[in-house]
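Order of writing sets the chain letters: A, B, C, D and E. Residues in each chain are counted from 1.
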Amino acid sequence: MFYRLAGVHHTRYEQARALWPVPADRWQVLVIALLALAAPFYLSDLYLGSYMLPWLIWSAGALALTLLMGMAGQLHFGFAAVMAIGAYSSIHLARLGIPFELTLVGAGLVSAVIGSLFGAAALRVKGLYLVMATLAMQYLVDWVIINVPAISGGAQATLRTPAVSFLFVPLESLTARYYLALAWVALSAVFFLNVKRTSFGRALVAIRDKDFAAAVIGVDPFRYKLMAFFTSSFMGGVTGAILAFCYYRAVTPEQFSFNVSIQLVAMVLVGGLGSVVGGFLGAGFVLLIPIMLTNFVAGLAASGWLAVSSNLLSHLPLMIYGALIIGFLLFEPLGLAKIYDNIRKYFLVWPFRHARS
Amino acid sequence: EDGTIKFGLLQDFTAVYTFVSGEYNQGQRDYLTLVNQEGGIDGQKFEAIVRDTGNQPQRGIEAYNRAREEGAILFDFLSTPVSRALVDSVLKDKVVMITPVHGRGDASDGETFPYIFPMMATYWSQATVLAKYLEDHGGLEGKKIALVHIDSPFGREPIPVLEDLAKDKKFEFKAFAYPSPGNEQSATWSEVRRFRPDNVLIWGAGGGQPVSVREAIRNGIPPENVLSVVWLAETDAKNVGADTMKGVKRFEAVATGKDNPILKRIQEKVIDAGLGAGEAANVGTSYYNIGVATMAVAVEAARQALQSEGAPLTGEKLKAGFEKIKDFNAEGLMPAVTITAKDHQGGGAGRVSQWNGEAWEPVSDWGAAYQDIVQKEIAHGAASFKEGK
Amino acid sequence: MEYFIELVVNGALTGLMYSLVALGFVLIYKSAGVPNLAQGAIVMIAGYAVWLLYASGLPLVVAVVVAAAVMFGLGLLTERFLLRRMVGQPIIMIVMLTLGLEIFLRGFGPGLLGAAPKSLDIGIGLAPIVVGDVFINRAYLVGGIVAILLIGASLLFFRTRLGTKLRAVSDDHISSWAVGISVERAIGISWGLAGITAVAAGTLWGSVQGVDWTLSTLLFPAIAVVILGGIDSIWGVLVGGLLVGILGSVIPGYVDAVVGGGTRDVVTSLIILVTIMIRPYGIFGREDIERI
Amino acid sequence: MPRLALSNVEVVYDKVFLAIKGVSLEVGEGDMVALLGANGAGKSTTLKTISGLLGPERGAVTRGEVSFGEADLLPLGAPDRVASGLVHVLEGRRIFGHLTPDENLVAAFRAGGSAARLNELRERVYAYFPRLKERMRSKAGYLSGGEQQMLAIGRALMTEPKLIMLDEPSLGLSPLLVQEIFAIIREINSQEGVSVLLVEQNASAALEIVHSAYLIENGHIVMNGTAEVLKQNPDVQEFYLGGTGKVNYHEVKHYRRRKRWLA
Amino acid sequence: MAAAREPVLVCENVSRWFQGVHALKHVSVSIGKGEIFGLVGPNGSGKTTLVNAITGFYPPQEGRILFEGRQISGLKPYRIAESGIARTFQNVALFRGMSVLDNILMGRHIFMRPNPLASLFYWWWAQREEIAHRRKVEEVIDLLQLESVRDEHVDVIPLGLQKRVELARALCAEPRMLVLDEPMAGMNQEEKEYMVRFILDAQEALGLTVLIIEHHMDVVTAICERVLVLNNGSRIAEGPAREAISDPQVVEAYIGKARHAA
């Protein structure tokens, strides 16, 4: 009931273009922001470190990929490789003694440059062929990382992150690492929202929707596709660096394997292409649901509710997880964000059922 | 605390390690059940916290943190990516991580890796045991030895050791990589055949192994000349064909079969009592017995720790317990291990066994080999870990 | 020289073994317009099905035929319960659905029947066929022949009236409906047929590597084949398979020794990149028709 | 009993957007009826309701009945409706671009029909549209707009319909082709007794050939009657037929009086 | 009348093939400044192809095209757009994922400097630019009476309005030449009248040169000064509208029996 458009009047163009024109949305964002800021004070280390932290970082990764897949319409099935480039280059840069703030930018840039190479190669192709091209790139990057010990960190292929500080705060404690991740995902989200309402975002969407029409009204498709790859790879690279320094703290090739790319794509798609909410929901779903299911099924089994063989027991979460993905898509083919949106719309037109009658 | 000692057996049951983790984990749990059935140690019982990590580091991290919160003081991940992602956490949190027969070789250096216990022969030691067998049976000098391995850090692990040995023992050594997952290796073996090796070491795991054996036989390499890393088991023999695989040898760290006192007691007090953790048919298989042996060592460590430090156990006390293990051979199930603060591998002993068409038959005695070369690698790896690499 | 010939021959046969997996993918794409990322998992399920029937004592041929019938039925069920509701939805979401299906099946098969690899010995001996100094892999030879037969059958199938209807469906679901083609049935049939090819793939691959979840990873070489040949081309499956197989065998055969690592995946990746740079729709793939 | 009858149909898109409300119309056996209306009035929606193609567009019938002969159409899926004898030529042609024209025709022929019948129908389509025969082996996606429209109609005829619904068949066609197509539609109607429901913006051409027409505005049917009656209606003349005399486009007013039926 | 005008767009001997189909055969035409020029012909005669050649989408394989004396054939489409030619499409080519407003704002693209950093620092950087362009866009929305659908998603508004949005998008680019490919297809009489009005208004207000493809002969004869008639890719007639379309060749190929010919 407070969720109403009624009484919201815009008298200036700025207001009409505000990020959250509906007051209720603004409140919601504020409450979530406060909850996120206060998280270290009410969450145990287990939940902060094993749930919140990775969720935020993967959300940033999903947002970076959403920019490319959702907004610019370029399917990318090798995004983990982009993040890997960020992670590895950040560690090597930090080891060179470069301040961590610059290291992050540097890692982003390295990813962006190599990521744009992916893009440049992929410019001629669309759809599934682009999927395959990016997948091929993933294999190439993996191969280089694994086969060049100078990158991967010797025979064990493990690189530990050196101790660093961000803005004079040492990135040691979980809280410090959490806040850096939170800051990054917040920045990513704000950036994403701003892109959506500026000419840059429009140009990307234009190319996604009708590249020939975009070209004829003056958009250089080549340039904007490259910019999309560059920007999203930059975000992916920084996210990779933050993943390395704030979460894993020792990187190995498997952390950025092909499966991770698929998971990222799943985050973007299950979330629902092209929205910030979708990025968060999708990342949460893909990252946390398997974990929760594993614990849930194990809990059931421990309390004797599930008398099945241990083999089936361990595969049950996988089956439920797959079934959940299918179920959600059947229920709402446009993803979790659309479900959220439907609920929101319902309240917006409440108590009416239809927008026009 | 509440009188139970918790072990986190957080393994991969659904992805890369499915070929082993089922039986292995079953052995581990059955052994702990056996200990509990027999009254525990000093009145303390054992509890296994079992979770699937799907071989994914982030799931491993969550499972680790959760199990730690539940009080687990020993962890076994049986997954290279997950173990690697957690090495630092384990060292920092001062809890024990065991990496039997699979972990990084340099973790044998107990001073650099105080909380990590390979506690059985690492891949480096496995390679030397196999080489020693070849030296004892026909000699090495002037021979051609091929290593056919999966293209991953695990597959490449024995290369430096074998290269050193080749120099020492004057044999010709060559490594051939096949791409993972290894279900298709024909091009690699065409190359191997042209090398005309006297012996081939196959270094893979899971589905790649039977394919390797098949390809070897197809390319005219007699099964007797094929030797495998520890990962070659009954299922693989069935897969290749029990008769076809007759003659193939492998490294083993733990005896196979059920005629060991521990296995007999498990059969009697756990399986027959209906307390088994899985299919009774798996009892006594290679991987099952490795699982049993790992827990036997861990429980022995707990016994030592309780004896000298008293309950309740912590990770630190358990570590101290491990380092007191001396000449422990799990009633003959495995070679005697002696773990010290310096040597967490426990000697690196093992033996070679041969598939006789029905079962694995030992063809050498328990023992370690060329540990000087292994030590050199350990020192090298540990030094670079200390540097922070 | 013999070495080269051996690499070419075995590479070609391996490639055809991949074609066997790829064929199901193309069948579905060509008639339903969906890139089915669950095809690998379907091959795995088919492998389990054959294993289960064969291990229960049925003769191999019977086991294969029954498994084919079962997989065809499963294909129809997939359409009925999963895809029907997705008609007209964005294609990428349908792709995601197939990914969900893949995850489900990967839990389902090993979860029910045990994760340890099953052996499926279909009686193809290990002894190679030796021609000069060239050793030809007997199992792959059988696989290659089966692949060629199935590819031929598919070519004929798409010439029939039913085949034409299926191709129409992949072109436009809504206008297919509008002229009375049952899009649902067409999609069901295509999934069913893909299930049948999966039985061939699952049996043959299962016999060389054992039946376990790793059969599902065959999807990736298969997709490489498909991209190279063109996603909707049966001829592409044949030619793409041969190319991926031969190049992926010959080049590593000479290069691996030099760089000291397995280069096959890199070679395949490079082939794919180069091909789609030159021919964005694969060798035989159809171009998008864009009218302005 | 009319061939097709809609009574009080209401359609909602995307669960929230009400597109047509309370639409009722009838098409008699062998009748030729036009449905006229402005852009977005709900003409295509009405046709899709009849042919059962709302689903993929997230539309749903929330009220009303549609019957075809004896049968109630709403529970049937689109292909079953085609089998029962109605066919919809979609707006924007939507032929199968990757198939040849010939294959387009084959694809539309009912499953299980005899090869002889197929050839007979195919020859009849080629007789109506000789141009298609010339181009029967090239990719349909590259045909010109007029040829695609012919193919779309020809393809619909392959289903042996009792009622054919055409959504803006003249869209984008040259004046000559519009005449041709309308002539063929009339021929199909008179020679084969196929009922026709025609949606058309080109009202003057449509009212020349149909027997009666409905006028739809904003999702409501606002007027119906025989072609003759409608042609005489001043509003229809002004808004659909371009007034009584010739329009002088340089003089058209920006703001016109509102249509009377909306008042 | 035509001779008096200074030529703005000149096509010289333009040809285009599609895999063996000779879609345009040596077409030459010259369009004068401020003129409304019609392009008609049977379906598949190459009208759209000619327009595509002008706007750079299918560059001619032979011949050349000059705009305001500068050669534009061979330039990339977005360069041609920047040089002052805007167009609409036969099959509406709006960006379906955007609102009407965003679609029209897209028309301002060539005047904007989009980059990710500007988006990041929206409040300090991009906002001013957005709002400045917004004013311009609102003028066009006003002119074309699109206020009521401004915030709708383009794919739910009726086709007629979509065509109008496309026109608005083109006008926002402040072109000197406007190319319209069948702007009135699928419209009823009333809507056609509106559209004509908008085109005439825009042309007057902005001094545009207009090239229009249309199959509605009443419209063509009413607003076009001259027309070019194509058939099978070649010119069959050119001249003042009424004369050109009463040419017997044109009647035979295109108009058909008397009804529309007047």
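A few remarks follow.
Basically, a contact is a pair of C-beta atoms (placed from the backbone, for glycine too) under 8 Å apart; a residue touches a chain by one contact, two chains touch by 3 or more.
The chain list, named the UniProt way, goes like this: A = Amino acid/amide ABC transporter membrane protein 2 (HAAT family); C = Amino acid/amide ABC transporter membrane protein 1 (HAAT family); D = Branched-chain amino acid transport system ATP-binding protein; E = Amino acid/amide ABC transporter ATP-binding protein 1 (HAAT family).
Source: prediction; values computed, not measured.
A count of C-beta contacts for the chain pairs C-D and C-E puts C-D on top.
Most remote chain with respect to chain A, judged by CA-atom centres, is D. Greatest centre-to-centre distance from chain C is found for E, with centres as Cα means.
Put simply, the C-alpha centre of chain D and that of chain E have 29 angstrom between them.
Each chain gets a centre from the mean of its Cα atoms; for chain B and chain E, those two points are 74 Å apart. Averaging Cα coordinates per chain places chain A and chain D 47 Å apart.
Centres computed as Cα averages put chain B at a distance of 36 Å from chain C. Residue positions of chain E with contacts to 2 or more other chains are 57, 89-91, 93. For chain B, residues that reach two or more other chains under the stated contact definition are 13-14, 22, 151.
Among the residues of chain D, those touching two or more other chains are numbered 17, 142. On the side of chain C, the complex with chain B involves touching residues 3, 6-7, 10-11, 14, 17, 106-107, 110, 114-119, 121, 126-128, 135, 137, 140, 205, 208-210, 212-214, 217-218, 221, 248-250, 252-253, 256-257, 260-265. Residues of chain C that touch chain D in their complex: 87-89, 161-162, 164-165, 167-168, 170-184, 286, 289, 291. For chain E in complex with chain D, the residues that touch the partner chain are 18, 21, 41-44, 90-91, 156-161, 182, 185-191, 193-194, 196-197, 200, 215, 217-219, 222-223, 253-257, 259-260, 262.
Across the interface of their complex, chain E is touched by residues 291-292 of chain C. For chain A in complex with chain E, the touching residues are 13-14, 17, 190-191, 194-195, 197-203, 205-206, 208-210, 212-221, 227, 231, 274.
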